[in-house]
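One chain, chain A, links the two complexes that follow: it is found with chain B in the first and with chain C in the second.
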Partner chain A sequence: MATTRILEWLGRFYIVLLLGFLYLPIVIMAAMSFNASPFYQLPFEWTTDWYASLWQNDQLIAATWNSIEIAVITTIISTVLGAMASLALYRYEFRGKKLLQALLFPPIAIPWLITGTAMLIFFFGVGIGRGLIAILLGHVALALPYVIVVVSARLQTFAPELEEAARSLGANQWQVTMRVTLPWIMPGVIAGGLFAFAVSFDQFVVSYFLATPGQTTLPVEIYAAIRKGFTPEINAVSTIIIVVSMALMLLTARFFKFGGEK
Partner chain B sequence: MADQLAIGSRRGLKPALPLLLPAYLWLTVAIFLPLSAMVFFSFMTDLPLAGKEWAFTLGNYEAFFSQSLYSRLLLSSLRLGLEVTLWCVVIGYPAAYVLAKVLKGRSREAIFLLVILPFWSNGLVRIFSWAMVLREGGILDTALNAVLPFKINIDLMYSYPAVIIGLVHSYVPYMVLTCYLTLQAIDDSLIEAGRSLGASRRQVLWRVIIPLSMPGLIAGSALIFVPVVGSFMEPRILGGRTGTFYGTVIEDQFAAVFNWPLGAALSFILLAVVLIILALAAPVLRRAG
Partner chain C sequence: MAGVQVANVSRSFGAHKALDDVSIDFADGGFYALLGPSGSGKTTLLRQIAGFDFPDAGRIAIGGESVERVPVEKRRIGMVFQNYALFPNMSVADNVAFGLSVRGEAKATIAAEVQRALDLVQLGKLGGRRPHQLSGGQRQRVALARAIVTKPRVLLLDEPLGALDKALRVDMQIELKRIQREIGITTIFVTHDQEEALTMSDRIGILRDGRLVQEGPPEEIYDRPQSEFAATFLGDANIFRGDATGSGIKLPDGTTIAASTGASVPAGAKASCAVRPERIRISTGAAKPDPANANTLKGQVSKRIFAGNNSTYFVDRDGQTLKVIVQNTGAERLAEGQDVVLSWSPDSTVLIA
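Up next is the complex of A and B:
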C-alpha cells in the first residue's frame, strides 16, 4: 500500500508539472506585456504603456471590432441554424440521416489550411471575393457542426414523452418546441453559442486566407505583426485575447460539461 | 427501443426539411462546394478569371510527382505529425491516467478543466508565447544560466525542436481529453481483479488498462496527427528558416507566389492523405465518440 501512495503522489506531482508546461509560456508572455523594456530585457520594470499604446493603434482597433462583429453574427446565425438542424435530426427518422450526421465530421476534421484555401478559391471563383463577408460565410460553416454536436448531445437527455404529453394536451408544434423542448435544451444551445463565438473569435487560419488588407480580423493582424518582429505591444494584445477566450471557455464549461461526468 | 421510436420520432424527410435545409445549405456553400472547386482548379493551368487563358492540365500533379521537393516536404510533415503525436501520447497519457484513476471529486473536475482550457484558447497566441520562452536571452535561457554554475547558450528559437515543443503544447490537451474519457470508463474492479489474481502493476497496465483505453489513444492520435500535418503557422513562427514544411509551401502558393492551381493540387493531395488516415481511424473514432 505504501508504494501505491508514493505512486499517487508522483502522479499528482506530474499533473503539476504538466500544468506548468501548459501555463508557463502564457504567464511569461503576459508578464512581458507589463515590462518596460521594448526588447524584453530584464530586470522587470512595471509599466502599462504597451496597453496604452494599443489605444493609439487604429489598425488593431479596427481589426478588433471586425473580430467582435463577426464573432457575434456567427454566434447568432450558427446557433439558430444549428439548433434547428439538431431538432430535426432528433425528431425525425428518414433515409440519409446517418449521412447528414456524418457530413458534420469533415468540417471539424479536415485541417483548416485545406478548408481555408478551398474557400478562397471558391469565393473568388463565384465573385464573393475576399473580405468580411467571405470570412463570415466561412466562420458560420466552421461553427455549425460544433453547435449541432453540442445541442444534439443535450437532446439525448431529453425525454420524448414530454413532447408527446404536451401535444396530447393540445399544444401545437410551435408551442411544443418553444415551451417544452427549447427550455430543456437551452443549456446546450447556450454552450453551443459560446463554442461558436470562440471558434470565430479565435479563428486564424481560415480568416488569414480570406482577409484583405482593409478587411481583416485581430488574429490575422497579430500574425502579420509577429512576422514583422516581436514587440511588447503584441504581448499586450495577445494577453487580452487569451484572457477573453479563456473566460469564454470557463463560461461554456458552466453550461456544458466537456463530456466528462454525465 | 421500438416503443421509444414510436413516441419520439416521426417518419419522413419532408417535415424535417425546413429545419435542416438552412444549416446544410450553408455547409454546402462554404465547405462542400469549395472543396469540390479546389479539385476542379487543381487541374487548371491558370485561374479562369479576368479573361486569362486557361486549359485543363495534369501539370500541377506532375509537379508534385516529378519534383522531389514536394514529396520530401510531405514526408517531413508526416514525420513532424508522427513525432508530435508520439510526444503527446508520452506526456498526455499518464496525465489522463492520474486524472481518471487517482484524483477524485471536485479537484478532479477543476484540474481536468485547467488542462483542457488552453486547448480552447487562441492557438496563435499560445505559439507566440513560446517565442518569449525559447529565444536567446529569453526566460529559459536566463533562468537556466541563473541556476547553473556554468554558462550555456539556449537558443532553441527557429529550430526543429522549437516547432515540436510549440505543437505538443498546442495539442497535448486533446490526448488528455480522449484518453481520460476511455480510462474513466474502465471499471476499477477489473484492475483490482487483475491485481488480486497475482498480476503485477506492470502486467495490469499492459494487459488490462492500455488495451481497454486503446480507442482513446487512437482517437487522440488521429485528431492530433491530422492538423499537425497541415500546420503552417506554428513552423513559420517558431521554425523560422528551418520551418519549411508541406503546409508552409501551400500557404506560399496562396499568399506569396499566387500559383493557386498548384496550391490547390498540393492541398488536394494533403486532403487525400488526411482522408485515408481518418478512414483508417474511423471505426475506432465511431466507437469512442
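Up next is the complex of A and C:
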C-alpha cells in the first residue's frame, strides 16, 4: 500500500514538474509584463503601463495585424487546398502518385533558413519580390504539407464503403464529399488548420527573409525591437498572444474533443 | 421494379479473370442468391450490377434498359453492404433520409417516407439514435431501410448477414424475406453461406473462378447438381468416381453404382456419382436385398459425431471416407469400428459427366 502511494505521489510530482517546465517561462514573462521595472527588478510592482504604451506602439500593432491577417489567410488557403489534395490522393490512382506523396514530406524537414533563402531568390526571380504577398505565399507553401499529412492520417480511418453507399443512394461526387466524407475528416481538417495557423503565426525565419522594413509580421517586429533594446512591451504583446491562442486552442479542443472518442 | 439481365459479362483485373462470360437472367421480383467461395467472382458480379465497376465485355440491363456504362448513382439501385456502411455522423432517420434528400425531395415527403421505411423494418421509434448506439441486427435493418426507401429498381445485398451471430442471422433471414415479399423487389444477394442461399432464395447461381457453374431453384441444384463442385459446395455429398456404364458407374474395384438421375454419359467415359449423406441408410450385418435401395457398399464406422437431432457417421470403405447422416429416431447408435452396410436408392444417385 505504501509503495503505491509513493508511486502515486511521484507521478503527481512528475506532472507538476512537466507543466512547470512547459509553462514557467511563460508565466514569468506574463508576470514581468505587469512589473513596473523595465529591468526585471524585484520586488514586484504592479503596473499596466506596458499594455498602455503597447497601445501607442503603431509599428507593433501594425505588425500584429499583418501577422493575424497572413495567418488567417494562410490557414484558409492551405486548409482548403490541403484537404482537397488529401482527398485526391485518397481517391484516385494516377501516375507519379507515390513520388508526389514522397515529395510532400521533405519540405517539413528542410531547415526554414534554407527554404527562406530559396523562396527569396525565387520570388525575386519571378518578379514578386519581398513583401506581404511573398510572405503569404511562403507561409502557404510551408503549411500545406502539414495539412495534407494530418488530413491524410484522418482519411486512413475512413471506410470507403461509406462513399459507395452514398453513391448507391444517388448522391453525386459533390454531395458525397460534402455530406459524407468531409464530416468524417473534419477533425483532421480543423487540426490541420490549427497547424497551418501555428506555422504561419510563429513563422520567423521565412518571414524575416521575405519582409520589407515597413511591412513586417509580429515575430520579425519583436526581433527588431529586441535588437534596438528590450522593453517589457514585448512581454505585454506576447502575453496577449498567448492568452488569445490558448483560449482558441482550448475552445477547439472542447468542441472537437481531440484525443477522445466522439 | 425490374428484372436484371446479365449477358456474357467478363471482367479482368490485370491477368486475373474475375468474371468470365457470365450470363444470368434475374426475373422481376425474384430473390436470387449468388453463391460461391471467396474469389469466385460473386462480389465482382454484384458490383457490376450495382455500377461501382464496369465490365470489359458483355451487357447488363435493368428493366430492359442497358446500364453497363451507367455509373452507380444513376442506376436507381439499393444496396446493403456487408458492414452496413451507415453514415456515422448522421442519426438513423438522417441515414434513411439520405437517398431522398440528395434527390431534393420535399422535407415533408422525406419525413413520411423515412417513417414508413423505419416502420417496415420495425425500428419506427429509433429514428433519433446514432448508428453506434444500435445493435448489429438493428444496424442491419437501418441499412435495409435506407436502401429501399428510395424505391430502387433492384435491391443488392453483399453478404448482408455475415457479421451477425447465428441466432440473429436466422431471425434476419426470415425478416429480410418478409420485407422482400412485402415490397416485391427484385433482390440479388451475395453469400458464401450455402444454408442461407438454400433457405432464402428462389433461385441460386453458383460461381467458381469467375464462371457460372450452375443456376436454378435451390431444390433443383441440391437434387441434381451438374458438377462435383456444385454437389459439394451446396450441401454435403459423397462423390464416387469411375467409368460410366450407361445406367450408372463402375468403380475401380468393380462395384457398380446405379444412378437414375443426372446427366446421360456414354458408356466407357469417365463419370462420377453424387449421393447426399442423408439419403444413405446405414445398417449392421447383411440387409435384405431391397430394390428401392439397390446400391450397397460395405464399410466400417470410423467416427461418429452426435449433433442432437441427428448423427453423422464417417464410414471407411476402400480408402474412401463416406458421410452418412442419420436422424435421431431413438434407434440403437452404432459404435466406432463397427462393420456396416450402406444402401441407397438409384433415384438418390446423381450422375455427373
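By definition in this document, the second predicted complex is superposed on the first by the 224 of 262 C-alpha atoms of A that agree within 3 Å, B and C clash if a C-alpha of one lies under 4 Å from a C-alpha of the other, contacts with A are read in each partner's own complex, and residues count from 1 in each chain.
One rule holds for everything that comes next: a residue touches a chain if its C-beta (ideal position, glycine included) is under 8 Å from a C-beta of that chain, and two chains touch if they have at least 3 such contacts.
Just so we're clear, the structure is a prediction, and the values are computed from it rather than from any experiment.
Engineer: Is the arrangement of chain B and chain C around the shared chain A a clash or a fit after superposition?
Structural biologist: Once chain A is superposed (C-alpha atoms), there is room for both chain B and chain C without a clash.
Engineer: Could you look at A:L103 and tell me whether it touches chain B, chain C, both or neither (first, second, both, neither)?
Structural biologist: first
Engineer: A:S168 contacts which: chain B (first), chain C (second), both, neither?
Structural biologist: In the superposition, A:S168 touches chain C alone.
Engineer: May I ask you to decide whether A:P183 touches chain B, chain C, both, or neither, giving the answer as first, second, both or neither?
Structural biologist: second
Engineer: As a test of reading the superposition: which chain, chain B or chain C, is in touch with more residues of chain A?
Structural biologist: Comparing chain B with chain C, the partner touching more chain A residues is B.
Engineer: Using the superposition on chain A described above, determine whether A:A52 touches chain B (first), chain C (second), both, or neither.
Structural biologist: So A:A52 meets neither chain B nor chain C here.
Engineer: Is A:I6 in contact with chain B, with chain C, with both, or with neither (first, second, both, neither)?
Structural biologist: A:I6 sits against neither chain B nor chain C.
Engineer: Contact-wise, after the overlay, does A:P111 reach chain B, chain C, both or neither (first, second, both, neither)?
Structural biologist: Touch partner of A:P111: chain B, not chain C.
Engineer: In whole Å, how close do chain B and chain C get at the C-alpha level once superposed?
Structural biologist: 8
Engineer: Kindly list the residues of chain A that each of chain B and chain C touches, one partner per complex.
Structural biologist: Overlap of chain B and chain C footprints on chain A: residues 161, 164.
Engineer: For chain C, which residues are in contact with chain A within the complex?
Structural biologist: Residues 50, 52, 71-74, 76-79, 81-83, 85-89, 98-99, 102-103, 146-147, 150, 156 of chain C touch chain A in their complex.
Engineer: Which stretch or stretches of chain A touch chain C in the complex?
Structural biologist: Touching chain C: residues 159, 161-162, 164-172, 175, 179-180, 183-184 of chain A.
Engineer: Contact residues on chain A for chain B in the complex?
Structural biologist: Contact set of chain A toward chain B: 8, 11-12, 14-15, 18-19, 21-26, 28-29, 32, 40-42, 77, 81-82, 84-85, 87-96, 100, 103-104, 106-107, 109-115, 117-125, 137-138, 140-141, 144-145, 148, 160-161, 163-164, 198, 202, 204-205, 208-209, 219, 222-223, 226-227, 230, 234-235, 238, 241-242, 245-246, 249-250, 252-253, 258-261.
Engineer: Show me the residue ranges of chain B that touch chain A in the complex, using the header's touch definition.
Structural biologist: It comes out as residues 4-5, 7-13, 15-17, 19-20, 22-24, 26-27, 29-35, 37-38, 41, 47-49, 91, 94-95, 97-99, 102-103, 109, 111-118, 120-126, 128-133, 137-139, 142, 169, 172-173, 177, 180-181, 184, 223, 226-227, 229-233, 236-237, 247, 250-251, 254-255, 260, 263-264, 267, 270-271, 274, 278.
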